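Just so it is clear, A, B, C and D label the chains in written order, and each chain counts residues from 1 on its own.
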Amino acid sequence: MTRKFVARWVIRSFGASGRLARLGAVVAIALVAGRADAIAQTPTVPLAGVDAALLEDMVVGSRILAELGVLDGFGHVSARHPTNPNHFLMSRSLAPALVTADDIMEFDSDGNPVDARGRTVFLERFIHSEIYRARPDVMSVVHTHSQGVIPFSVSKVPLRAMFHNPSFLAAGVPVWDIRKEFGETSMLVENAALGKSLAATLANKPVVLMRGHGDVAIGPTVKMAVFRAYYTDVNAKLQSQAIALGGEPNYLTPGEGEKADKTNFAVIDRIWNLWRMQIMPTLAK
Amino acid sequence: MTRKFVARWVIRSFGASGRLARLGAVVAIALVAGRADAIAQTPTVPLAGVDAALLEDMVVGSRILAELGVLDGFGHVSARHPTNPNHFLMSRSLAPALVTADDIMEFDSDGNPVDARGRTVFLERFIHSEIYRARPDVMSVVHTHSQGVIPFSVSKVPLRAMFHNPSFLAAGVPVWDIRKEFGETSMLVENAALGKSLAATLANKPVVLMRGHGDVAIGPTVKMAVFRAYYTDVNAKLQSQAIALGGEPNYLTPGEGEKADKTNFAVIDRIWNLWRMQIMPTLAK
Amino acid sequence: MTRKFVARWVIRSFGASGRLARLGAVVAIALVAGRADAIAQTPTVPLAGVDAALLEDMVVGSRILAELGVLDGFGHVSARHPTNPNHFLMSRSLAPALVTADDIMEFDSDGNPVDARGRTVFLERFIHSEIYRARPDVMSVVHTHSQGVIPFSVSKVPLRAMFHNPSFLAAGVPVWDIRKEFGETSMLVENAALGKSLAATLANKPVVLMRGHGDVAIGPTVKMAVFRAYYTDVNAKLQSQAIALGGEPNYLTPGEGEKADKTNFAVIDRIWNLWRMQIMPTLAK
Amino acid sequence: MTRKFVARWVIRSFGASGRLARLGAVVAIALVAGRADAIAQTPTVPLAGVDAALLEDMVVGSRILAELGVLDGFGHVSARHPTNPNHFLMSRSLAPALVTADDIMEFDSDGNPVDARGRTVFLERFIHSEIYRARPDVMSVVHTHSQGVIPFSVSKVPLRAMFHNPSFLAAGVPVWDIRKEFGETSMLVENAALGKSLAATLANKPVVLMRGHGDVAIGPTVKMAVFRAYYTDVNAKLQSQAIALGGEPNYLTPGEGEKADKTNFAVIDRIWNLWRMQIMPTLAK
């Protein structure tokens, strides 16, 4: 009995390499889902008007971007507050791979924490506050130092859509150079004026690159913002390879981009379910 | 006793990193093979005329391509129905890393599910239906968004055979540009007309690239189609590197390609056995 | 009870792939921290005047650089002796992935071991002894054969700061070519004269490349030297990609570099805590 | 007690990702070494005159090259027979990641198995038989399809030594093009004439590339041949990157190569011990 039980579980650790781990997670969830869900969804001190599923999406999104190599120890995922649209939700200052529901805090429209309770906050929360202010359609913001996008952030070559999953890039990807308006800085968006300038460069686009820093991807849901952060990184790496082959790559047209983006919305749960299955077991206690 | 048992198993989790996991799998199979085989091979509702080994190959093929990074949350592996050659078999709409025998459905020659029982199906099943219709010799079709091939799909540089394992590429690799015949689309093969056009571009070749999308590899068995999908991805990455060195690479000639392909058929079980040993433990319940 | 216990632990092995392992580590630490701390911090024969936290930083630094692929079987992390500043601390001759507190030895200002007790020492300890002699501000030295930097070590293209995390590179990165002063050698810094020459080329900079060999990163703490070794490797890979896109990349200016470096000091614990959590469980006995 | 035992072991599975697994292996060996050693060293039917340590080196070498990504399902490691120098030892036809001492067979100087007992053999055993015949100094031969070297095998750009670990490449790396002497073939070294031609191109060098196929690295011990196969792959990848930066890289001179190679011999156990610790636990039964 014990033997069988242990065997069933440990066997899965054989598959704990690379992508195989994600598969083992499917079964693990059956056992631990109750507890893992609690960690993903229920803060010790509840956030008024915030449902558990939103917190889970934020936790899964933060952790999967670390797992996929889009984030390292830095970067963050936020969401607009669902019942108080002037506010937003974001983790306390913490590596994204470690975020739980309990780490998520509420911020007002100026990026001030509503109830800090001694927790430290991200220097760059103004990326989020100013984009939520400027773009009422945006429900989630992801900031990364993705290794794919950094070379494009310092290059004159624009990022363009290589295939249908990053189709949203076909709308055009602006680059924000902090030095143009602000001279020599620490490179970080550490006040509202910097955030406003970044939001102005983003304008109505889904992604903006930050020179010598990284990028910001936005979306109408946490899932879509995370999906876009991931595929922006993938696209950048593939575009570099296509350029190295020589000649002008045959990019998606804006019309193709728009149509393909609709399909991405329709099928996002196929990849999100895989990602969720990979992440939930890491939350079990 | 318990101690010894647990130790024997858990020790293997030390080897659960990268390729080491695959080795541990060898031993794990001895214990779990019965149950894992069942999951790989036996659907809850049997598929008439379909033997268990074919389902296992489809499950192993789907999962190993995810493990090898050829597939992410998208892409699919199908097989011609072994006793009703107008029909074919393919998973319900699901990330390939998660496919079990129970997820495999039967489709008719127009891509309609024979007995859906509420399961959702892939938008792009017409890739498969129209290739099976046009190519009676094809017994398996694999569709990927492989990161190796996407740069070649948008480039004028043709994919060519770099070494003997991807020798099948020496026959020439056509590129299908959906925009040529159909204008601006969602990029997806979501109806029969698109599938027919793709099959016409594939013609009598083993692989076709899809501009801004990915590729399709076919084979006389599931094993060969999976092998080709894998080595097409590897070849593309190596060809990019050879081109970056400067000068024209010394590719395999068509004659070399034909001869080497025969050897690949002869030795495929050496790598397939390794892949199977990596995947089976992920199926144990 | 046992069942629950085993389940709780083994479940985490599902997440033992790639970055997921690091998350599992958070919980593991709760259980094993006492013992793992002992291994990271307490040598069998105490090092007089050396506190446990410094040894832990050296162990974590050695192991995380191997985990991050910055080191393979070679390379080393040292620290200036905290109470005898003419001396320094470094592991016996051992792959960095295997270092424990017990392996750390004390060396005098000429690189001679103070109390070898039969342990073998690194040939290249003169890298460390001569930099500590020449640079009183340096408290830690890391030597790597990082795959990112080797191409730059044999190129005329200077390494320059691509983004804010490797901002310290904006000060300029000298390249030391052992052949210039010493002719044909084994390439290794195996005596004091070679170490002095390397230290002279490093001058007042944070990083020096070694032609056909690797690099040295220094810092005011072990954490900062490890951080710099890691981001030097990352920067080199990203700079290669930016150059391949064509045109001159828009690098950080020296002024930006200085300001951003101050922020790096302020936030280093965010990534160090993640790294520590990944490494501590590997030390439990 | 059981709890403590299980905890001690399972905790290590937290570290089972990437390079961390290798660290956990250190402890695992303490427990399983007896049994793992047996699998690495003791064939069911003893090989006369072959000591256990040699078989272990062959098993560790085969498996670590798969773990390091130098080999996939194909490639092989052989050793000259220690007491019958006209014969050599090599695995039966099997993926290198799966080799145990029991799979190692003896072959005569023409590549015929001495006592096949129904086991299948590698098509390309003539690579080994003809190099042992032509080069009495060679004690071990490794054949790979390493992804680093394939681009160089089809390029006019010669592989040259980038840093001190692959210093042996400074002697020059010939490329064998099977087509020159034999016209269009299957690309494989499937008879003695092909093996002789390859050995003639290798001449007195440590490595030869095979056009559109891979490479062969030889050494005075199994450890050195494996070390060279690994660093040839690493060097090729780094040389590609250096070339992409533009300008002529500053390669090691032949004189530097010779001197550095002597140091490699002296320090090889530092990396071999790490590799052995990673591999032994995968052999425990």
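By our rule, a residue touches a chain if its C-beta (ideal position, glycine included) is under 8 Å from a C-beta of that chain, and two chains touch if they have at least 3 such contacts.
These numbers come from a predicted model, not from an experiment.
K.L.:
Quick one: which chains contact chain B and chain C both?
P.N.:
Common contact partners of chain B and chain C, which must touch each of the two, are A, D.
K.L.:
For the homomeric pair chain A and chain B, should the interface be classed as same or different, according to whether the shared residue numbers exceed half of all numbers used?
P.N.:
Because under half of the interface numbers appear in both copies, chain B and chain A meet with different residues.
K.L.:
With centres defined by CA atoms only, which chain is the most remote from chain C?
P.N.:
Comparing chain centres, B lies farthest from chain C.
K.L.:
Given that chain A is a copy of chain C, what angle of rotation, in degrees and a multiple of 5, matches their CA positions?
P.N.:
In short, 90 degrees.
K.L.:
With chain centres taken as the means of their Cα atoms, state the distance from chain B to chain D in Å.
P.N.:
29
K.L.:
What positions in chain C touch 2 or more of the other chains?
P.N.:
2, 6, 10, 12-13, 16-20, 22, 24, 244
K.L.:
Please output the residues of chain D touching chain B within their complex, sorted ascending.
P.N.:
Per the stated touch rule, the residues are 2, 5-6, 9-10, 12-13, 16-22, 24-25, 28, 31-32, 63, 66-67, 69, 72-74, 93-95, 97-98, 123, 145, 147, 150-157, 177, 179, 184-188, 211-214, 240, 243-244, 278-279, 281-282, 284-285.
K.L.:
Taking the touch rule as given, give the residues of chain A at its contact with chain B in the complex, in rising order.
P.N.:
Spelled out, the residues of chain A in touch with chain B are 2-3, 6-8, 10-20, 22-24, 26-27, 161-165, 167, 234, 237-239, 241-242, 244-247, 249-253, 255-256, 259-260, 262-263, 267, 270-271, 273-275, 277.
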